[in-house]
Amino acid sequence: MQRIGVFVCHCGTNIAGTIDVKAVAEALKNEPGVVFSTDYQYMCSQAGQDIIKNAIAEHKLTGIVVCSCSPRMHENTFRKTAAAAGLNSYMVEIANIREQCSWVHKEMPVGTEKAIILGKAAVAKVNLNAPLTPGESPVTKRALVIGGGIAGIQTALDIADAGFPVDIVETKPTIGGKMAQLDKTFPTLDCAACILTPKMVEVAQHENIRIFSYSEVSEIKGFVGNFDVTIKRRARYVKEDLCTGCGACTEKCPQKKVPNEFNLGMDNRRAIYIPFAQAVPKVATIDADYCTMLKTGKCGVCSKVCTAGAIDYQAKDEFVEEKYGAIVAATGFNPISMDKFDEYAYSQSKDVITSLEFERLTNAAGPTAGKLLRPSDGEHPHTIVFVQCVGSRCAACAEKGKEYCSKICCMYTAKHAMLTRDKYPDTDVYVFYIDVRTPGKAFDEFYRRAVEEYGVHYIKGMVGKVSPEGNKLKVQASDLIAGKQLHIDADLVVLAAAIEPDKSARPLATMLTASMDTNDFFTEAHPKLRPVESPTAGVFLSGTCQGPKDIPETVSQAGAAASKVIGLLAKDKLTGNPCVAHSDENMCNGCSTCGNVCPYGAITYEDKEFRMPDRTTKMRRIAVVNEAVCQGCGCCTVACMSGAMDLKGFMNKQIMAEVDAICK
Amino acid sequence: MQVNGEFKPLIVAFCCNWCSYAGADLAGNNRLNYPAEVKIIRVPCSCRVNPMFILRAFQRGADGVILCGCHPGDCHYTSGNYYTRRRMALLFSMLDYLGIEKERTRVEWVSAAEGAKFAATMNDFVEKVTALGENKRLEDLRCKK
Amino acid sequence: MQEIKREDLIAKAAQLLADGTVDRVIGWKKGEFDYDVTPAVFTSKEELENEFVWNDFCGANFSKYLRKEAEKTESKAAVFLKPCDTYSFNQLLTEHKFDREKVYAVGVPCNGMLDDSKIKAAANGISSVSEENGKVAVETLYDGKITLERNEMLAERCVNCKSKKHVAYDELLGEDGEVLDSARFDEVAKIEAMSADERFAFWQNELSRCIRCNACRNICPACTCEKCVFDNPDSGVENKAIADSFEEKMFHIIRAFHVVGRCTDCGECSRVCPQNIPLHLLNRKFIKDINGFYGDYQAGAEAGSRAPIVDFTKEDLEPGEAVERGGENA
Amino acid sequence: MAMMNDPLIPVIGVVTDIRIDTPDVKTFRVVTPDGKKAFDHMPGQCAMLSIPGVGEAMFSITSSPTNTEFMEFSIKKCGCLTQWLHAMEVGQQITIRGPYGNAFPVDTAFAGKDMLFIAGGIGLAPLRSVINYCRHYRDRYGKIDIVYGSRSMEDLVDYKEIIDEWVKDDGIDVHLTIDREQPEWTGHVGFVPNYVKELGFDTNKTAILCGPPIMIKFTLAGLQEIGFDKTQVYTTMELRMKCGIGKCGRCNIGSKYVCKDGPVFRCDQVDELPDEY
Amino acid sequence: MRKISLDKLNQLFAEIASKNSLYIPVDTAAGAKYEKYDGTQTMSDALNTTRSAKDFFFPQTENLVDFKVEGKNIEIKEPVNEYEDFVIFGARACDVKSFEILDRVFLADPVDNFYKNRREHGVVVSMACTKPAETCFCGTFGIDAAAPAGDIVCHKTADAVYFDAKTDKGAKLLESLNALTEDTDSAAVDAQTAQTREVLKKLPLAGLDASAFGADKTMEFFNRPEWQTISESCLGCGTCTFVCPTCQCYDIKDFNTGNEVKRYRCWDSCMYSDFTKMAHGNIRNSQVERFRQRFMHKLVYYPTNNEGIFGCVGCGRCMAKCPVNMNIVKVMRKLGGNK
């Protein structure tokens, strides 16, 4: 029999506004086991917590129920409170009477009645709670950063600077990510390469950082503090340790017709290549899809010109297994495909380009060496139309684009427009927009300069259709403010394509058992309070894999993720979740069903000798749960027909007690 | 349950901790209304829900039982909801076979981001169960008030 | 009429005992009446000759005895297995329920077993039952000799026999048969075709007869728990008697659910039910659904196979769809 | 309309006092809600206590019938119900029915006899009722010897009453023993059966034996060794009682029903029963 | 002795049912069972019902008392049972005998009032057997299937049913039916009785002899080694005990409905592995001990405590229903020297 204290929180008026908290406290007084019941303004405040602590001492409480906000919010808070008062933290249950009661019901009697029932269910559960002690597991003091863009780079550097070894896994031959492809950055207009490449070099030279470029994560096992990761190092046919990055091979390679992905296919590269001059690692890579030697066995030019002897046509994919304590997802983004937006004639005309392609067109290292020339004929465009929100904020056409705002397009379009007008004052620049969103430091000022100083034509309205006619692009659009249709003969149309998470994120999320939202952005543990952590312990989020963001935001999140990782790796031991499965060996019949459904392989079987009531002994096969590996999903408990397998903290009896209390 | 001559169903909703419970919280954050007849029980994963809990709820007077979990593929525990899906497909089919109204049980996948879906689902479920009336086919007369 | 004769079985058993392969044999023992057959353990040729029986009433599945015997000593026990019994045999192996090394399995072909309750319904005061020209001849106390069609007296599970093929054995007596294309799901389909009200009425009527004697559970080869949840006061669902009609549903639904993917459809539950509740129709519903939802699966067809209930694919149908499909899946 | 008034239907008892005897034994004082004794009993009889929803269990009544105000039960924590009982606080209501079983033949076979009480652990609970009955009617009995042992000093039930009252009574010799040495223990150390043999009593006594089965077995053998006959030794088997009225089908040992023919048996009677206890 | 022609039997049922609840055996898919007469059923000709008639007095579950628990307080709510008068029609000799066997348990001090009330309110109208089954062996225990006991004894012939009241209760009921019945002599009944007795002699189990068993033979049988072998096939289910008309083991359990605690009594079976499991352990740990207990109880312990009356009535239900055909006849053959 427990001695339970009930603490009903007003949460200001958040709860008390719709729930008669005094009535709730009063009603729960008579529940079995309850010896104390009270209410208070803010239970989570210091004063509120003190009420709990005092009551635990004064009434010798063995369990407490806090009727308050969601346990996702403050369960931990109250567990700590209980622990501080000498009560086992797992003797605490939360009745969620805010998110799931006061905020969704309007009438006081209805809310109060439901709150009482939720409270009763929590009391019924606590009556069956048992003190739980978390198990301990060691922490591998090494972090894995998946993705080598600015987010991954920044996270890795911060972790490495704190003294912990970090590995970066990047699918491309070089780190740098999207930022390496950018020309200038808003709103300060500094050159992206100028600020990024020093960081890339720093990564390359950092004693605590290893880069696995041209690699991907193929398997993740284990759990926080103890991940076992298999990294697939794709064969690049060039020995990284020998290649000096001289580039001789990339000049001599006879296969010249390989679309250059770094320039988004707007020019070509060789079959052996270094993506760009400042690539890190600065090592050549053979593109097996195009290399004549690898395809036909005849060529070998690169090998001949390589004085370092770095070429290795026999190379195979390699698998590296490494242990990590923490994993950071920094998988980044891509512009969405324009296939479904044929009204803008992207597939019909080379002169309809995306903003990222525009970045390359204006970049000195780009296909046009920084001169703004039309891709179709290399002529200088005189009229440029920028179309905003292509695929963003597409609530009505969810199958075509994305419901969300891609966040960065307004600013980079302003940047493109401004830079065009600055360099080519003879060019007319039109920007079609739904809204212009500039909520950042110096953002609006930047946009206003584009309009006011640079004379960019900002037109509120959407482009309906772009039709190529001769060497012109007929742009049909509406001007919502003037209330008229516009027809513009443009030379170049630039589409601000929505951004979406990289396709590698979803399989990664599955391996990490991290959750994602419907758009495949990683879900954070809490949208406000834990924005850089995944709900899966030990997995952290950095950059746009969590949601659209610009560079400064990305870098700050990257740093935040790093600090969380450092906080984790700084510990010598982790205390686990004590709510794990446990098999009653007297009930278990060793049928192996539970092992079949365990996602973590946490269940093994052993033969054990049992003393029978008639004093004989009997060998029986029984299930044994590895508590450090078990994550507490409870799948095994349902697979187990004998009821031997139960889940601590969510025992069959506890859940049934809640059911009973609710249905009473 | 009859309240002032009007039938108010009792609904037990089992929500997985990671997606659906968070989805329900989000419905609260966004102040999306759904009937107070819905009472949520938090479970770590939808796969923690034993068919016995569902029957137990009906025995004790529930008129409808709904399980909410992460969308298939999004399970916090990788595969828990896949098992839930099979178990419940078989169980619900059996209940239907026994002549128990199929509208009284439901599985719905609700992510942490789908507060609106959570509220809409609950509104719809309550409406359907209300239309059915009191649970008579899986009741335990001893538990009647 | 069984192809293999009693004498052949006795000879085989005696040989296994004599050559030391085994030191005991699980078989059928004759009782008071021709239809009265009890599973028993034989240890000598004399016992076998005096009491061993092999006739149309040797329906009992030996799974429970097999487990008990395999646990007893280090030596081997022989067991006679009809084709349907071999499925239970494999399923027990899958679940590590006995040590294969301790059992010598002798496959016996089966022509289907008779249901004594069908004969009793047709004949009053039975003094003997025998085989005559492929028919069942019953001597009665009151009506003289009655001749019955064998097919009509077959046990339900034998009418719908799923397989004449032995899927496991050390040695096979006689010829092996084939897996049959039985109509065993017809009855389930018939119920599925009823309206929900009719289905409810049907099952209410059937299940209300349950006296919770546990015969179905205790004979069931798949019920292998150390302690059944319904017997365990700590399980929270202990259910000793049918104090309310809910409890009979609870017991039978959960029991059927606990053997999902493990039930080989041996039909013992229905055979032993003193109240003639067609319990196999619950298990068969699950089997039919599994086949329809996830592809054909026969528990016990292969030792070590993974049942669909402990497996999944990413494209499985949703519970809502499953219910909508109801009986429509083939 | 008929109120059932059936033997299976209990009455309400209120716990008015809880004494902590040992780490796992508590003694509960029980009266009816109007403050009276729930029913009269004789030493050795039992009562069925229950907490609705938890279960029923049979306990020997520890207090003497001569106590007309209340009943006491010394209960060791060992199962679900006893765990609940141990968690009770004063004022808690429980249900009680009884008395059940026969009693020690205190007014017949025991009358005028020298008494030897031998108990181990919680086995003192049923004997306390007899001992206090004998103390109350002191002149009806001869010399009284009490041998009582437990695992440790802390595990001696009713230690205070033993020291404060029994030891001080004239004509009562109390022999205490514990299984293992303890610094603060100055008394005897050793197991009860051996101690009984060491003490070597006159064989004209009537012995009453209560304790764990293994103790009973060896003590009985020990008593026989020093010359006791089984007809002089009594024991109680209340652990076998379930429904209390000999109908539920559990308590029989052969054809004898512990609920009705017992729980008190003379050891020679036990010999006549099949070996199923 | 009174009689009624067979075609008027339903009128008689209607008449009884108008004043009391009337239960008659009715054929169903699962064999005969007692149903409350509602004017639509016809009486089964089956020899016996699948379940025994003990349910009328000792139902499988019955509520004993309710408790309302609030805080530290308990309120006892005794059930206020209105026992209605009822008539059981067509009980066979074996089942009628079983009532006597149950009486000796439940009506012994202390009296079980639940049972007693039902017993007092029930009138047993028995029906003589004419075509006993091969599984019948009531004669072994001195029961005459042709002349059962009961408050009223019936004999059914090809065209009529004859009634003979044996008790005051029976006489009263029979008298109330005088308008429908006519006076008659016992010739037809005597003839039938004689004929049935001839049949009984020829039954396959007619020679089964229980004389080796009986009172005070505990030690003679308890340690017999045969128990081990014959119990081997027992699955430990409760079928035999639940269909048995004389098995009366029960358990008392609490069910918490959430609002109150219902204490109910339900049938239990000494064949169940945890039947004797109590806080201090289990005294009958193996199936052989439990198996022995059941048959020793029927054949030795019960007679010991009840002037030699056996605890079995030879109805043959256990023979018909045991999943593995293990039964009391086989036990008697093995241990009692019956061949």
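General observations
Going by the order they are written in, the chains are A, B, C, D and E; count residues from 1 in each one.
Here is the rule we go by: a contact is a pair of C-beta atoms (placed from the backbone, for glycine too) under 8 Å apart; a residue touches a chain by one contact, two chains touch by 3 or more.
Keep in mind that this is a model prediction, so the values were computed, not measured.
Within the contact network of the assembly, the step distance from chain A to chain B comes to 1.
More inter-chain C-beta contacts link the pair A-C than the other of A-C and B-E. Here the chain at the heart of the structure, going by C-alpha means, is B. Centroids of chain A and chain E (each the mean of its C-alpha atoms) stand 72 Å apart. Note on chain placement: the centre of chain C and the centre of chain D lie 52 Å apart, centres being C-alpha means. Work out the mean CA point of chain B and of chain C, and you get 36 Å between them.
With each centre defined as the average position of its C-alpha atoms, the distance from chain C to chain E rounds to 30 Å.
Within chain E, the positions touching two or more other chains are listed as 69, 251, 255-256, 258-259, 268. Taken residue by residue, chain C touches two or more other chains at 229, 236-237, 243, 309-311, whereas all remaining positions touch fewer. Contact of a single residue of chain A with at least two other chains is seen at positions 597, 639, 652, 656, 660, 663-664. Of all the residues in chain A, the ones that touch chain B in their complex are 70-73, 96, 98-101, 103-106, 110-111, 113-114, 117-118, 121, 506, 509-510, 513, 515-518, 523, 535-536, 579, 597, 599-600, 631-635, 637-639, 647, 650, 652, 655-656, 658-660, 662-664. Chain D contributes residues 84, 87-88 to its touches with chain A in the complex. The residues of chain B lying in touch with chain E in their complex are 60-61, 140, 142-143, 145.
Listed in rising order, the residues of chain B touching chain A in the complex are 10, 12, 17-19, 21-22, 24-29, 31-34, 36, 39-45, 47-53, 56-57, 60-62, 70-71, 73-80, 83, 87, 111-114, 119, 143.
Residues of chain A that touch chain D in their complex: 1.
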